[in-house]
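Chain IDs A, B, C and D follow the sequence of writing; residue 1 opens each chain.
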């Protein structure tokens, strides 16, 4: 049962899923549009966190279609925005410009959709060894000591990833950690489009159903900023979400009095952000989609899970262009980190 | 409209889609189980080919879960079976043991799920240059002249792939061609599990909606054996197929008198090959899935296509383990080709 | 015997090797320093070509340490210079701005130091298919039809590379060809530092001792611009060249009256471009290096070849940083080609 | 000065270099020929270790040309021999069959000739997490708990590699460590041919001139088995060694009364293992190679170093076939480790 509960790495999906429990207006919540990116910030306190099964903290979400669109100009703007949001989270956590940072890239370098973290590590600018061994080679005004590691995944190391990270942090004693990871989305819309930054901590491997030790301020004693981007989604999600979209699509068409031929309207040629208001009334939904249309998201996902899993078909999938997606994503995250941590970089 | 018609690279899917038009018993059709693989052979004549939009020829389908299961022992059996089926197709086309073969690997080496063809080319044993330049180094009894090429994709070469292949064949004059390509499936079940061999020819790039020049005996004047494996599937297919499976799953449960709680039965714990007989009667389907449940596959896919496409969500996806999948698939295809073409290879 | 004759892909090395036969002042020869690059241009006529075993044509050599130094600012200047030199060679050969170009990347994508050509092909901007299939998508004022291919190497295709290229050119009928290849140097100094452009044609594979069919205006009937960069050097060359450098180094020190301790002077701390004038007189050379010091380059190389080859030690080597070298080299060549062929590219 | 002293990662080279100080017959030394591999074992005590600048311990050297020859049958034998030698070193250090092992792969995954260690880590069979989380899935009779890590290099992590390893060992507390690393050879003959196993410990990065913290039983308190294979060599070494070989080659020819034409004999067509006995007498050497011929290896290398370094030419190089070399080497080392640590593996 708990295998199929709505589990997600994205706060925005957790909040959507628990729409009944928490109303957005109870939360400290802002939303703005910056250079074509939608930027959401929400602060989850301990109480709300317990209700939705998330750790307390600040969560920032940057939404952009630039990676899927291969829009290189927009990608430049995103990396700057990532730098700004990292900077805000570090400042909120009293991190000063000369404090020592460690970047941790989670994931498996040999599984392309899971290789975001290790790829970022290859591109971040590390300086801690220079400060120690060649202090004359680096300007402490524009740079700070930064180190990095890609601890691998348990399937390749045989060790809990959190153990490796924790033991190295214990030894190296950085002042803060930035953790980068590829996530699983509960929506096809969010694959490669949502960048979540947070200071609430992370469970390495939690996104694919493993319970591992936590990496957070509570466990490590230093601020932990996480940067996560969904790169995979499962077949249950794709189906459940599409059924919802069909219902809203038709509701939207009916409301807008478009002639429809049997079920299908003459199509909505442009992208529409469907909302709950687009769900038609119960009789229409039952007519269109029967009892399944009336199920909650959770019930529907459980049903689809029960159908697909015995067939071995509830697979995690990633878009066909996974190779260039990871190149672009790792580049903007690494650049964002470099810009945030070193004021004098280019 | 025609963008969304049921288009597939697999004969088995074409036949399923046109269930009403052609009955399997009209066709020369055999099915056997060999070492855990289901092997289907069907001969399509010109008339049937026109009806289902496929070229005439022999189509063999090997079904196996060995790649998804990482079952290395089973993979060894599959590569032998691929060799047997290639051999049969060559023999049927009067290809003798000393005739000259050319292997063509279609696809894009930089897009992992599309790199099956180029990966196979790296692993096939080429000998044509040895026969010409160092005949003393090779035994003509156990080996034949084989050459190979990976022509790339039009997006990288700016040239129709069929033009490149045709011009090299014109010059090199092999006696037969084996073409390897990654396909798009119309069923999640078939991704990385179905290996189709045929002598009916291929349109490079046809699987992703491009109409290109044909590679076939008709156009090249020599036998063309194709080996295709679906490695991607689109979101429309996943959703449409899953809706069908839910309907059959429930029908199957009802027929088997399993108690059901609301809609969902206590689940079918084992893999079931659902069939048309599992579809419950119309009233039940309408009850469960409304009018959408009563739509034909084609109507349903058109509807889903109309909903997903304007949202930019009708993406082609591939399982997360794409890297090892392609390694395993290219290995068994290359080994199968090597075993078929060179009798004395280990 | 002829296996060890001084064979080189670089005109500048051929001319050095045959210093006695041709004097530079007999040739049309210019040398300039542009933005820190040394640019040499020499025009070889048929007569001179016969004497030094090279095809007639214009040869341009750009010398730079930017790749070995990872000097990214300088790399930007080199790619512009490559564009300028390509443009000059095309103009000299009456190629107009709307003529159709084909880029050919020679070499083996799976052997890093030999993968320059295929890597360039992945980065050139191809447009021929757009002109034909989507003419509305491309501005014929700023762009021209360009296509590209990476034909592979004979060891992987079983076909003479020149045959593949020739047959595709025959079919596609471009107006000119640009061929990119990794070369073997006859000097460690030139590895990754010398970029040779020429309109004299090329023999695919000639650099590693294979005699293959020629790609040139004479054989293809269209202008052929080649871009070659040495990425490997053999152990014979390293040793022979170093012995020469030791002799000149000591001669240079003696001339400059530096105190020497036994043989070795207190070192030349800065880079010196040794010349023939640095060779000390025969008695000194004999004293230092015995009869071997008096041998000609050719004799010395033959001797070293005879010693190393039976031991299996005359290997081709490449600097340890081969991976980043090829990334940088392929990037500047691809960008240079793009800038030369498409006037409106960024 | 000390930059150019004879520094090597291979005990066999250290002993050769200090031929005057230690005579092999003072040492516990055995040499045997097993399946075409030459296997050398030498035990260095503290006193000898101080004299040659090496740590005390057992050093085993396996010599084979199988990698350079691509001899796959021989490679199978080597991996078994590696397993045998690991087993002996573990037994000598009182490691029992159920003790917990950690494999550490040193080096940089993005620099092919330095990627031996990380490549091995990808192929070793890790089981520690299975013993802890799924003990039912693994047979403790045939398998032991094994974990693995690839800590990266200081240039990418900004942290001393030994610090990372030490902190993880501190936490995980394995009973022994196996460290795999690519080395620098002081002889072209040894590149990709010599596999050194030892229990004397290692300094990460020592092979390329960096002094780092030591990984040894003394520092980690558990046995450390190292497996090192030279994959690079510098230009100074190539030249110095070749000059020596020329001298011995000629001495060998003179001794064998072969007619010689000028300096060069009619060549030694077969591979000869030259020895010190092949050095001709001083007058002959002076005649051939002048004063340079009479220099010691160390003097000669210092001279060549002084000549090449200011020119930026004392590069580390690797054979052109570096990609397949690393594939083959990492495969035999990983298989050797797997066979040694898990009795029931295939």
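By our rule, contacts are C-beta pairs under 8 Å (C-beta built on N, C-alpha and C of every residue); 3 or more make two chains touch, one makes a residue touch a chain.
In UniProt terms, the chains line up like this: A, B, C, D = Germination protease protein.
As the structure is a computational prediction, the values presented were derived from the model and not from experiment.
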### Message
Counting residue numbers used by both copies over all numbers at the interface, does the chain B-chain C contact come out same (over half shared) or different (under half)?
### Response
same
### Inter-centroid spacing, chain C versus chain B (mean Cα positions, whole Å)
45
### Message
Suppose each chain is reduced to the average of its Cα coordinates; what separation in Å results between chain A and chain C?
### Response
48
### Task
Can you check how far apart chain A and chain B are, centre to centre, with Cα atoms defining each centre and the answer in Å?
34
### Residues of chain C touching at least two other chains
110
### Query
Could you list each pair of chains that touch, in label order?
A-B, A-D, B-C, C-D
### Task
Write out the stretch or stretches of chain C touching chain B in their complex.
109-110, 121-122, 126-130, 145-152, 154-160, 163-164, 166-168, 170-172
### Message
Help me check something: in the complex, which residues belonging to chain B touch chain A?
### Response
65, 68, 110-114, 188-189, 191, 232-233, 235, 238-239, 242-243, 245-246, 249, 262-264, 267-272, 285-293, 295, 299, 302-304, 306-308, 310-313, 315-324
